[in-house]
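Letters are used for the chains, namely A, B, C, D, E and F, taken in the order the chains are written, and counting of residues starts over at 1 for each.
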Amino acid sequence: MNFAIVVRSGPLASEGSRSALRFARAVLNSGHSLERVFFHGEGTYNASSLTVGPQDEDDLTAAWAELGRQHDLDLVICVASALKRGVLDDSEAERYEKAGGGNMRPEFVISGLGQLADAALRVDRLVTFGG
Amino acid sequence: MTHLLFHLRKPPHGSSAGEEAVEAILATSVFEPTLTVLFEGDGVLQLLARQQAGALGVRDVAANWTALPVYEVEDLRVHEPSLRQRGLSPADLILDVTLIDDAQMTALIAQVDQILAF
Amino acid sequence: MATLHLISKSPSASDALAACLRVLAEDDAILLIEDGVYAALAGTATSQTLAGIASALAADIEARGIQERLEAGIDRVDDHGFVDLCTRCDRVMSWF
Amino acid sequence: MATLHLISKSPSASDALAACLRVLAEDDAILLIEDGVYAALAGTATSQTLAGIASALAADIEARGIQERLEAGIDRVDDHGFVDLCTRCDRVMSWF
Amino acid sequence: MTHLLFHLRKPPHGSSAGEEAVEAILATSVFEPTLTVLFEGDGVLQLLARQQAGALGVRDVAANWTALPVYEVEDLRVHEPSLRQRGLSPADLILDVTLIDDAQMTALIAQVDQILAF
Amino acid sequence: MNFAIVVRSGPLASEGSRSALRFARAVLNSGHSLERVFFHGEGTYNASSLTVGPQDEDDLTAAWAELGRQHDLDLVICVASALKRGVLDDSEAERYEKAGGGNMRPEFVISGLGQLADAALRVDRLVTFGG
């Protein structure tokens, strides 16, 4: 079965991102397909490359990136949400003249809400976390 | 045809959920699915008339919603018990909506393919 | 030794207001801010309890379009009134 | 055409569970996750309503130390059980 | 001497409020003020015993609280009606606390200089 | 009278940061002193220099920075909270080997929770927003 996940909370504000990550692992381990993880609103904070995690907790931004690498996942952050929150890839950083480049982990891509709509229309199950 | 339900249960201003929902609905409407927007709980407060967003220096969220019919998103349903619980009536709302009760909301949920929660 | 209690969540999204009312002292004041102002909607379960006790922040009321739907006895306070309330009370307690 | 309802907030921090129960269809399922699992605490206002209807996510129960305080009739589900529930139902509805 | 009240009304895990409160309390204790920690509403759930944080791969929040007495933060009060409402009793908690009722909470609030809310 | 403000929410998640900003302006306009604004937990996101605000809304990170400049305010972000969320000044960015430098606006300073304790013990009124 095809799944898509929507993440609507940051890595620390509520438990939504952590639940979504565990659910994503369980979907993959169950032999299902995970078509896309769409990070919307506060969820875009999960893509930050500047987080410094304490050693006794896992850093969710790093954990998402790691899962994305292992399974070649489509991790999409919503451009409208991300710009307002200061999560930028290098090309957005250049466009808005932010010296020093972007702060998005390379395992994520920044794109529009069409990616959410496309997922909602294609997959068998859409599951939203962290409102 | 795929039937998508957008479910709003957050009030305006207190979070960015309302704006994110409007943007997502408009982006989705381009694909021309069957599309229903459901306002329930505090979500009914999104549609209250006379919201003066200038007071907070923010965008007028209620006005955002008026863009929906322009983009032919016209199946707007409001959970009437939520409205009544807040001392409000349909005359207080900025858009023409279809009022639904609990049983009609139950039937709506059973009928859609996916639900996007805000 | 009065306390100013700030309520910033809708009654649907927090038990903060109910919890505050349990422990309110006689000379305390309540100020509804942000989504907390929805508790002042006339004809609701909470609003009648608040008449004469609570006030609500003007900018938040107007932004939400409830300026003509307030329960009688709940005063409007502007931002400077908010600061004044803080100085007239002895401490400020925020409830989320 | 059953729906899986996800409740992720404590009953003190959201009316989500109460709202969900109003519109629950006969063959629907409720899964309590995150702070939503507190609704399963035995002897509380909500928990008895949930017996036989709701299950709760094991990791969230254990993290919160309520594994021995669950209302009878509320099943524990692990992460794979969560995925199975999604496949057995026709859609997933998240309530915040 | 200045009397500070730390007021907890969020449960553990669902947000980072509990950890932030513990850190703030310990940092404040260095200044040796009069310091009271009040657990009320869902905040009483912070102190539940047998929290197995490993299940979520997070720090053990309940164990964080046990550091308080070590740093001589010993005035811990739990709102008993909040505990009872959740089907819990003092025996379920990880620390020795003072139970207070509504009237005692009212009196506590009136007695402190500043309140830090979490 | 001396005030201190604690901000516990980010610029977009809840209205707390916006309320705190309006309150800060009112405190200053009323002739009171604002000793410190302490950004804790999610509040540390308010210091991001990478936010790109839509034109019809004010960008709260820019608005805080502007108010800070005008009134020489002590805008402190909590180091423990900020590191986990990926809000770093240049020296923290260097310490944790983040190329491209930090992403904190220069009107803010990054410091420890002692600054919160110090404020709570010194001021006449401490007011917390955005939990």
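Worth a mention:
We take it that a contact is a pair of C-beta atoms (placed from the backbone, for glycine too) under 8 Å apart; a residue touches a chain by one contact, two chains touch by 3 or more.
Just so we're clear, the structure is a prediction, and the values are computed from it rather than from any experiment.
Touching subunit A and subunit B together: D, F.
Two chain pairs, A-E and B-D, are compared here, and B-D has more C-beta pairs in contact (counted per touch definition above). With centres defined by CA atoms alone, the chain at the far end from subunit E is B. In the Cα superposition of subunit C onto subunit D, the rotation angle, rounded to steps of 5, is 180 degrees. For the self-contact between subunit A and subunit F, the two sides draw on mostly identical residue numbers; the shared fraction is above half.
Of all the chains, the one whose CA centre sits at the greatest distance from that of subunit A is C. Averaged Cα coordinates give subunit B a centre that lies 39 Å from the centre of subunit E. Centre-to-centre separation of subunit E and subunit F, using mean CA positions: 25 Å.
Residues of subunit F found to touch two or more other chains are 12-15, 22, 41-42, 54, 84, 125-126, 128, 131. Annotation for subunit C: residues touching 2 or more other chains are 12-13, 15, 34-35, 59-60, 91-92, 94, 96.
Shared interface positions of subunit E, defined as residues touching 2 or more other chains, are 10, 13-14, 16, 41, 56, 58, 114-115, 117.
All chain pairs that count as touching, in label order, are A-B, A-D, A-E, A-F, B-C, B-D, B-F, C-D, C-E, C-F, D-E, E-F. Looking at the complex, you find that subunit B touches subunit D at residues 7, 9-10, 40-41, 81-82, 102, 105-106, 109-115, 117.
On subunit C, the positions that touch subunit B within their shared complex are 9-10, 12-13, 34-35, 38, 41-45, 47, 58-60, 62-69. Note for the complex: subunit B touches subunit C at residues 11-14, 41-42, 45, 48-53, 55-56, 58, 62, 85-88, 92.
Residues of subunit A touching subunit E in their complex: 12-15, 18, 54, 56-58.
For subunit C in complex with subunit F, the residues that touch the partner chain are 6, 8, 33-35, 57, 59-60, 79-80, 82-84, 86-87, 91-92, 94, 96.
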